[in-house]
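Okay, got some structures for you below.
Paired with subunit B in one complex and with subunit C in the other, subunit A is shared by the two complexes that follow.
Now for the complex of A and B:
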């Protein structure tokens, strides 16, 4: 009996270690929690174009289109890293609608950024106060969401998209 | 250059420790030589740490770590504290403190030589494990492959005087338990007399005192820096520090029983291993990035696995030795209905249950995510409704525990206590009834005041007042408990009776807070060395001549593009008035004012606890 009691700490230790190990090995990144929005309808939003105040985009406008939404800003350096990939996506999947949200940025800085590095987006919406990002539950920039034709979020990625992510995770969904 | 010196001295320290480890079997050392090597390795580790600090102070961006985490126009103090404001540097600090403890332990007298040597060998073992971890996964001395003349900056939230002191003191608490761990394991191996218990007691008190100070500093820092108006959030990292703290408290109290010849050696050894295991586990959870919070710097699976392995080796080794080398049967306990021994046993049981409850709450999300791939978060409601009720009987008991007898059931002056308790209950009840009655408020206040009152009764009815050190040593347990009582009063008031007021204000508006008129003067933007400051200026109590200025606002750090909030706090002895400046909309500023009653009592209570921890260290 006494022996068994003394064994308890070792058993608890083993349990904790096994679970932690599985957790670490399964490549679960706490920075990338499974989004609560996955398989949910895309949040309702309304935003004006960066280039023209009067041009408005709403949730309805992306119905029946497969859409990739990308939150970016001119001050966000990781955004620069993923930026060229959007041109590749653009070329490979011309049917995919690319919607960029310019997050908490100066319009002039954003325009300069898109002029210098090129503009891969079909539409650049302004999210100057960050309210749209709040609706999407954006954690940090850049962040991307894939929306299917039914208006459901089917994929979310935090951080700069890499070639691997594009190939292994996004392309299968396209 | 400094990076090279740092790395070489670290490497040399590893070499020496390895040498010490095998020395037992390969080389026969004289004891003096052995200690000499221990000290040299400690000093080398220290040198390595200071080399890194030097690289930070001189903004040596050829060091990759400095480049990643520093910036040349940071004030000097944040360059220094930046040394441990990142993963690699903080691990080196960890190792450095481990060395310092070994260093001082090697000077301990009145301790059997072989025993001391064995303890130091176990320390050398721990040192080797952690330094290998640093060298292989978190080397702070890597060379920057690109030539740059500016760094990337330090997380602005960490640019605070609080950060300069919080981590080193907290680490001193965590790592201090390594000595306790080593002593306990050495005690198991040698299984000699009970002399080592006294040594363990001293070191566990030192660690516990540091841990208390470190946790309190962290809370205080969160209170004024995070701008959420609270000081404890049941954040996983806070829980992690609370676990060894509670287990350490149990340990200190168990070691108390040594004096009554009632030591349960087995239990003490168990707690010693547990305290350090929990410290390492905490390090693992934070450093692996499993837990994300303001404390995690980077997530990296290989680091996580390495440190999990270290945790497994240390804890597994500890408990395995415990299993195989079970201490000799100790004296049977003199358990009576209510004597000191039974009170201490109950206290220990409660503390262990509390520790396990926190442990469960902390790892539960990991288990759930592994099993169901769902992310859940266990927060305040769970901990408040489990941990606090578990602790309540312990708090009740602690008011009278120090005056209980070792041998009998009798309590001297029991009438005084009963009378005191009844009068106090009535007073607190009336007080609570007149204000809005709140059950938790009532229970908390009654407990807090009762602990203070009972301790004061004990001090004055048992000991003659003398103003010398000996007297303060004798009444020290009561003083410590008064500290806890005061802290409980502060905790209860500030959490249960907190008041929140929201305003939308234009500059020049006047508004009423707590019956006093406040003027919202203006909002001003200024440029500081490393940030832009936006400050709302308030004048509190303008009807009086001596109105007080309060500034609340935000800082914008251009290097890292981050905004931190800076609360404006007006400290009064009985309440803090806490101003938070929100966003501006249509020329109106959103201002939140929190009235936190008796927050100062929490810090006062902690200061008293730390004081009595220090006094207890000097007492044999």
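Now for the complex of A and C:
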């Protein structure tokens, strides 16, 4: 009987340790840090157009629109990989608003990039100082965010979007 | 030169010196606060490096925003809250003391109590 009493704390401890371990290891991929902004309202932003300083886009302008926000730059090689996919998205989902943010880039270089590779975006906003990216919690380029009609971030993808990602993760949300 | 003129000049010099000292102190103080806070922040794009120790683009951006926020008069708590809202608690080396992390903070004490309980029973058993 005494032995059993002695063993009880050990059993409790072991159970706690096992549950903690399961909790710590479940759904924790070090390559995919959790996004704090998921299911939260899109951050407040204001940006001028890459092509016209006087044309401004604000958070309110994407209200009631399903929007795909993509942070890109002409110096970002992985951005070039995903770039053609945005044309496919645009063709397949004409109602989806494609908003590109040109991050820490030279306007001339960005314009050349979009001229050479094509411009799939409905609006290209300038984020020259990176402050908009900071508001969105961007780690590195490219990064994309899907915003629903209620203005909530429903999906975030870090890195270049691939056909698989588009088919399995983005399209079900569109 | 009249004595009153001399004192006026001396007063101006002293005032200038005081202002300069305060300004330098304020800049140094902000830099020190930036250093202390960024040492507690994780560079999310590096391997086990703090924002302060890292030269990655991400870290430099965070250093810049932390300095800007301090200059705006924001407190350390406000800045941490701002960053956690955007990058998650993962950006902090030291987890916050909140409802989600209560187990993390309390677990060592639970462990201690269980351990003590175990030792007491064992000692009592030996005495008997």
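The criterion applied here is as follows: the second predicted complex is superposed on the first by the 145 of 174 C-alpha atoms of A that agree within 3 Å, B and C clash if a C-alpha of one lies under 4 Å from a C-alpha of the other, contacts with A are read in each partner's own complex, and residues count from 1 in each chain.
Here is the rule we go by: a contact is a pair of C-beta atoms (placed from the backbone, for glycine too) under 8 Å apart; a residue touches a chain by one contact, two chains touch by 3 or more.
The model shown is predicted, which means the values in this text are computed figures rather than measured ones.
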Inset, instruction - Look at A:60 in the shared chain and tell me whether it touches subunit B only, subunit C only, both, or neither; answer first, second, both or neither. - result: neither
Inset, instruction - Examine A:13 and indicate which partner it touches, taking first as subunit B and second as subunit C; both and neither are also allowed. - result: both
Inset, instruction - Name the contact category of A:21: first (subunit B only), second (subunit C only), both, or neither. - result: first
Inset, instruction - Please work out whether A:134 is in contact with subunit B alone, subunit C alone, both, or neither, and reply first, second, both or neither. - result: second
Inset, instruction - Look at A:173 in the shared chain and tell me whether it touches subunit B only, subunit C only, both, or neither; answer first, second, both or neither. - result: neither
Inset, instruction - Go through the superposed model and pick first if A:75 touches only subunit B, second if only subunit C, both, or neither. - result: first
Inset, instruction - Please indicate which partner A:154 is in contact with in the superposed arrangement: first for subunit B, second for subunit C, both, or neither. - result: neither
Legend entry - Intersection of the subunit A residues that touch subunit B with those that touch subunit C: 6, 9-10, 13, 16, 20, 33-34
Inset, instruction - Please name which positions on subunit A make contact with subunit B in the complex. - result: 3, 6-7, 9-10, 13, 16-17, 19-31, 33-34, 75-76
Inset, instruction - Within their complex, state which residues of subunit B touch subunit A. - result: 270, 273-274, 277, 281, 284, 288-292, 299, 301, 304-305, 308, 311-312, 315-316, 319-320, 322-323, 326, 363, 366-367, 369-370, 373-375, 561
Legend entry - subunit A - residues contacting subunit C, complex: 2, 5-6, 9-10, 12-13, 16, 20, 33-37, 43, 130-131, 133-137, 139-140
Legend entry - Residues of subunit C touching subunit A in the complex: 44-45, 57-58, 61-62, 65, 84-90, 103, 107, 110-111, 114-115, 117-118, 121-122, 125
